[in-house]
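In what comes next, chain A is part of two complexes: it sits with chain B in the first one and with chain C in the second one.
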Partner chain A sequence: MNNVIVRDYDIPANDFTAAGEASSSVRKILVQLGVSPYVVKRTSIAMYEAEINAVIHGHGGKAHVEIDGSKVYIRISDEGPGIPDLELAMQEGYSTAPDSIREMGFGAGMGLSNIKKHSDIMKIDTEVNKGTTVHITVFFNAI
Partner chain B sequence: MTIEELVRDFGYKVITGSAEDLKHPVKGVYACDLLSHAMAKVNSGDLWITIHTNINVVAVASLTDAACVLIPEGIAVEPQTVERAAEKGVVILSSPSTTAQVCHEVLSMIGMKS
Partner chain C sequence: MEQAYFHSVTLDKDKCKGCTNCIKHCPTEAIRVRSNKAVIIRERCIDCGECIRVCPYHAKKAVTDSPDILKGYKYKIALPAPSLYGQFGPPYSRERIISALLQMGFDYVFEVARAAEIVTQASEIFLQSDDIKTPVISSACPAVVRLIQVRFPNLIDNLLKIESPMEVAAALAKQEVHEKYGIPYEDMGAFFLSPCAAKVTSVKAPYENKKSRVDGVLAIKDIYLPLLELMKKQKGGVPEPFSLSSAIGVAWAGTGGESDALDRGRRIAVHGIKNINDILEQAVQESLDNIDFIEALACPEGCLGGPLTVENPFIAKVNLKNEIEKIKKSDAHKIKKIESVDEFIWKSTVEYRPIMKLDDDMMKALEKMQMIDELTEGLPGLDCGACGAPSCRALAEDIVRENARETDCIFKLREKVSDIANQLHQID
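Our next item is the complex of A and B:
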């Protein structure tokens, strides 16, 4: 496969009927391409967590995805409140999710660490009151 | 062990799932109500037990390729969730038993291998 598959998705704020749709769509493409189940699983975990963060913390946002013969690159960006202390936010168990979100099963404070664990490259650009962009790369040949 | 066989043996109620869907094998069990844990830990073919019945359960089950979701303790499933699960081909079962009892039932049938 030499060509690059590019997809863009809107991620609506606080809309749980749409939450996960972008991740589902990317998962489907990867399965169709015959990418290994391990890579499909890692990509799904990482992208879903970033997508949900945009939904519940970032006032919604956008996903941009590029798939080539060797990797999937995902960029999830929002114009929400940003993350004041990224090191703290990365810690497992740290969450500012309100009770209404926790009642649905979110807010374990595992999202960012799940993204890190299940991707090969993770980079977060964030600025308070400007927004957050999470860059995720998963290589197909990862062991 | 297929979903159908578990339904028959333990009287689980089928909330969503076509006859075809119910023929799928159940390879393991995972029980946790934190969606980030489930997202990372549910393996393809697992029966996932959760007390959550909101629509996000369908997304997690679908993204993890779970065999089915089982809602314990007879908890009613939100209509929106039932509708979405049917659309997405996600099988939802219900049981009056507790999470622990369902784990025991299913694990005893699939031979404790995880």
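Our next item is the complex of A and C:
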């Protein structure tokens, strides 16, 4: 049987008050499904980072989530400026966030490497001036 | 009664009108209205007392011990929560309150504020160890610990693994009485004078299922009037009966007391169950990496706003502030240094209680989740509460859990009635 829970969220641009709502909602679903706390935690952190990135850099965007019996797949896409040098952006501590954002405690440059650390598969499609899509997969059972 | 699900918060059926105030305010969606009466889902309740606060008919109450319980013990020790001092205005100092407790029939008074100071010192030592997870979350409020147990399993490791001031007070009081007067432990009873329901639950059903050293819990509101009467009659100077706590311990009653007393890192003081829920959501996402310590008290204005207190929390706050200023000026009460904290560290941790889970089998849980999604789609989305559930989605969940029917929704019922009417019309 094809049991997939699908959720779609809008990520508003530059709105920190709503940032994190999508990952919070996904966390609640995973808890209801009885997914282990460890997996819930990894998913929340990875998704939250990607969500915040879309708010800060991508002028907002969309989150698409699919959950089945073995994994959660998250796709966060924006139509922002894209990432010119992905390898550089993946480094810990690298950040292009403006000072105004850093003052709020965001933009410390841990985002992408943190997503990678907390997911089992991470893939980024990005094109300068077109936008960025981050694909995150977290498996329920360690592989 | 099943020990694991003992609750202090209960319903007085006769007073309940079946309105929707409590279901809407419950942070764990633990209340439903069925057949015009509220029903508390026992395994979900965290005893925060929010429903007691919002019920306009006073149908929600906290079960505490009756003062008659004192009769069963030869030697009675009072453990007043520091919030007790905030209940009385200027003429009624801490010394007078303590004297009145002795007049009331207690043989000894051990301030929970004294234990709070020890917990402060133990916390400072705990926070220096290398293997802690930040932000460390205070475990002093039992409703917060229970909220974490049911909703935030990932934060269990962040809890401050130190006994609450109430437990520490009971242990030390009994030890002190035994050493001073040679009273055998079995003759003693230690009674917490409580601002809240959650503490009753912690005594009757402690998290780790071990026995609490507290023998009974009396509500501050139940002893308020007798204390006031006794204080009014006190003549002349009031003897300062015991070694009293410093300002640090007394300040624990209000918000900021516990966190300000710690002398390290960035600390925040959060109060009100909704605010706590919000901050814990952030902690789970690890977006609080610049915060070292979270003081979390479920009641607005901390324990001064507890549902078993009498005075308005803001007035209680100024009363307490006056008392604290006085203690600071007098310089008579210094904090006593402790040597070892080991005996106050939790021996085990609290467990995750996955009560939100839809099914033990994940495939079945997924199916149920899909059914809930579909049902929610068909409901009006007004979250009116008329069905007895706090939201349309909660009703959908109840239907899937076979605790409710779709026609509990008055809009669905109206559709159905109108369909039947149409069918009848066609038969005509």
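Definition applied: the second predicted complex is superposed on the first by the 140 of 143 C-alpha atoms of A that agree within 3 Å, B and C clash if a C-alpha of one lies under 4 Å from a C-alpha of the other, contacts with A are read in each partner's own complex, and residues count from 1 in each chain.
In this section, a residue touches a chain if its C-beta (ideal position, glycine included) is under 8 Å from a C-beta of that chain, and two chains touch if they have at least 3 such contacts.
Since we're looking at a predicted model, the values are computed, not measured.
In the superposition on chain A, no contact is made by A:M90 with either chain B or chain C. When the two complexes are overlaid on their common chain A, residue A:P37 makes contact with chain B and with chain C alike. In the overlay built on the shared chain, the residue A:D68 is in contact with chain C alone; chain B does not reach it. In the superposition on chain A, A:A13 makes contact with neither chain B nor chain C. In the superposition on chain A, A:G111 makes contact with chain B only, while chain C stays out of contact range. Shared-chain residue A:I29: touches chain C; no touch with chain B. Once the two complexes are overlaid on the shared chain, A:I5 sits against chain C while remaining clear of chain B. In the overlay built on the shared chain, the residue A:Y48 is in contact with chain B and with chain C. The interface of chain A with chain B overlaps its interface with chain C at residues 20, 23-24, 27, 37, 41, 44-45, 48, 52, 105.
Within the complex, the chain C residues that touch chain A are 151, 153-154, 281-282, 284-287, 290, 352, 354, 356-360, 362-363, 365-367, 369-370, 373. Every residue of chain A that touches chain C in the complex is listed here, in rising order: 1, 3-5, 20, 23-24, 27-29, 31-35, 37-38, 40-41, 44-45, 48, 52, 67-69, 105, 140. Residues of chain B touching chain A in their complex: 33-40, 44, 50, 52, 54-57, 59-60, 62-64, 80, 84. Against chain B, in their complex, chain A makes its touches with residues 16-17, 19-21, 23-24, 27, 37, 41, 44-45, 48-49, 52, 104-106, 108-111, 114, 117-118.
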